[in-house]
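Below you will find the structure I want to go over with you.
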Amino acid sequence: MNGAFESLAAQLADVGRHCYERGWALGTSGNFSAVVREEPLTLAITSSGVDKGLLEASHIVAIDAQGRVVQGAGTPSAEAMLHLAIVRSRGAGAVLHTHSIWSTILSDAVTDGSLMIEGYEMLKGLDGVRTHEHRERLPVIENTQDWARAVPQLELVLRDNPGAHGFLIRGHGLYTWGKDLAEAKRQIEILEFLFEVMGRKRGMVWQQ
Amino acid sequence: MNGAFESLAAQLADVGRHCYERGWALGTSGNFSAVVREEPLTLAITSSGVDKGLLEASHIVAIDAQGRVVQGAGTPSAEAMLHLAIVRSRGAGAVLHTHSIWSTILSDAVTDGSLMIEGYEMLKGLDGVRTHEHRERLPVIENTQDWARAVPQLELVLRDNPGAHGFLIRGHGLYTWGKDLAEAKRQIEILEFLFEVMGRKRGMVWQQ
Amino acid sequence: MNGAFESLAAQLADVGRHCYERGWALGTSGNFSAVVREEPLTLAITSSGVDKGLLEASHIVAIDAQGRVVQGAGTPSAEAMLHLAIVRSRGAGAVLHTHSIWSTILSDAVTDGSLMIEGYEMLKGLDGVRTHEHRERLPVIENTQDWARAVPQLELVLRDNPGAHGFLIRGHGLYTWGKDLAEAKRQIEILEFLFEVMGRKRGMVWQQ
Amino acid sequence: MNGAFESLAAQLADVGRHCYERGWALGTSGNFSAVVREEPLTLAITSSGVDKGLLEASHIVAIDAQGRVVQGAGTPSAEAMLHLAIVRSRGAGAVLHTHSIWSTILSDAVTDGSLMIEGYEMLKGLDGVRTHEHRERLPVIENTQDWARAVPQLELVLRDNPGAHGFLIRGHGLYTWGKDLAEAKRQIEILEFLFEVMGRKRGMVWQQ
């Protein structure tokens, strides 16, 4: 397992610094994980409280299915429970959480429980989407400081939105995932692009 | 032909990464081509599905006038048909397609089939334009997933807009071209600048 | 004291150039300090009139509790009086002042003496904040060119807002602080992120 | 003169690439000059048609008071006449012209012939300004393609606005100057910052 863990830890650190540079994980915000092995489930994940601009492979720990650290030094984020729930529900190989300006604004502006995105060519960058006529519905869940308790509700949301490629937490940011880290990273870029388009459009006065 | 192809492949990879860094070709969006030779027509073009932030010369293929790969490994984008149509219609030496925030927004906001830009000094960066009093009319065509079928319509649009330096695809982005790659790259910068000016102006409350 | 001063001078120069690159300290704007020792109080602080994009350790001077230079060549900013007042009132180990687009705009827009920020997960990046339900109230003080005279008023504002993690000067920017430079730098990023969220939200037309 | 010319040419190329990277001189837009000697007047200035992202010292020519090239290869911009007029009228040692998004937008929005900026601390970065209570009035002149003919009118504008630190050309951008290149560059940053503040404020809905 060690070789796989070390390789993923280095890749997660790269992804984290990339997100920091884009302004999607300022300060200690954001957290990132990838599945090291499935049986028994082992997840490489950023430890809590690290400045993402300074993220190194040594800041990544491995946890088991109950969220206990099995390798590396550090405490996983309280949100590790969300990562584990997404891996279980979606069979994801990697889970990325960013905390950008536009996802914060849009998650706060939604009033009916989900953000709808449709008609954009960029949607084709999402896994399995073949046409810009796709309608992506991203659920928005309420923020909390008790994620262990909120996991059952998240599992219902994921079950009720089988086509969703991510979800938003109100005032908090985006979760997305993929079969591997490269796919999850591509989806982060796609969704952040679409959030910026939608956010900037809302600021417009449409009369030319 | 090989020397010319290899040189253009390296230049196209540079242009592609530059566009990625500017946020104009995130994820796998955007595609870029340049004419290797005219007789028989051979076009160097980005292959499909490559992350433009990681674009290398080895991701460029050469295609013939029917879009068949004649050199390099990879599948050209379905939009290769658009590149070939532009080369035929305009005698272009290079064709660039970007997918920026502002071109996405403006292409979606246009209601009468074209985006009009006039009065800006920056227009003089477009090929053959000598005064800021120039009126640039960029046609907006509808997006589709069947470009082979849409080519005849595009050819009509290009014929009906002989002065246009580019066109927009709704919700999808910009195509522009030039006699060579340097001119096409300069036009990308000029047009993206003007899109940002026009997009930001629309967000303004004009009373001081 | 020399080793500590030299180390802090180098760190302050790094922080200053970082802020310049983010656009938070253009030209000669912004100033940055850290406590070298507490007894007698000695503060390392940027000297006045230096382009922050070119900031070097040699541009940092040490001053005493009265603002007199005790080490290094240069004149401390007139705002050194604010830094000393914050160190005294809050027991801070580092004080950072940035001058960003969004803090300038928001400080000017506030009409009731303080900027209220609440409900955002990012607030948890502020020292001692454990929940997004935190309500941060940043006082806004009027700008002046006579800071020596304005210090008593600032001390009252700090006393009346014991929970505030920073304050704004109208049309001028942000002051924040921390027990050390790393904490103060993290708070700059957190607050600038929140200013941008709030500023962009105000530009929005809320009807979807 | 040669040593002075070569040193200024290298510095002008640095300033030009810096402006390109900030998005203030995209494509071939923008032009930059500095006085090599006063008697007889010799001005180092960017030659026309150069991509500012690729600007090198070899793209700088020296011209005399009539705009004739006296050193280097290349054609000076038609706007060299403006640079010479500013040097004569203001005794400037360096003149910088940028072409940013915000200066383009604001120059186009002004309806009464000048842009007024007041109350911002950042104004103190302008030469001789000692307080944020300063009121800066930047004249806006109409764009033209015949600068040789427009020079007398510009000279009147400069004479009628003796306190102005720059002027705008409608839909075209900013001219500012300083006793040397460092001062002119600082003023570019100060004015571009203030344009962005004013432009973004106009996009705001002031009700919180």
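Chains here go by letter, A, B, C and D, matching the order in which they are written, and residues are numbered from 1 within each.
As a working rule, a contact is a pair of C-beta atoms (placed from the backbone, for glycine too) under 8 Å apart; a residue touches a chain by one contact, two chains touch by 3 or more.
Bear in mind that the values here come from a model prediction, so they are computed numbers and not experimental data.
Think of each touching pair as a link: the shortest run of links from chain A to chain C has 1 of them. Distance from chain C peaks, on a Cα-centroid basis, for B. Per-chain CA centroids place chain B at a distance of 32 Å from chain D. If each chain is reduced to the centroid of its CA atoms, chain B and chain C end up 45 Å from each other. Shown for chain B are the residues that touch two or more other chains, namely 203-205.
Every pair of chains meeting the contact definition is listed here: A-B, A-C, B-D, C-D. Put simply, chain A touches chain B in their complex at residues 119-122, 125, 130-132, 182, 186, 189-190, 193, 196-197, 200-201, 203-206, 208.
Across the complex, chain C is touched by residues 26-29, 51, 99, 101, 104-105, 108-109, 143, 145, 169, 171-173, 199, 202-205 of chain A.
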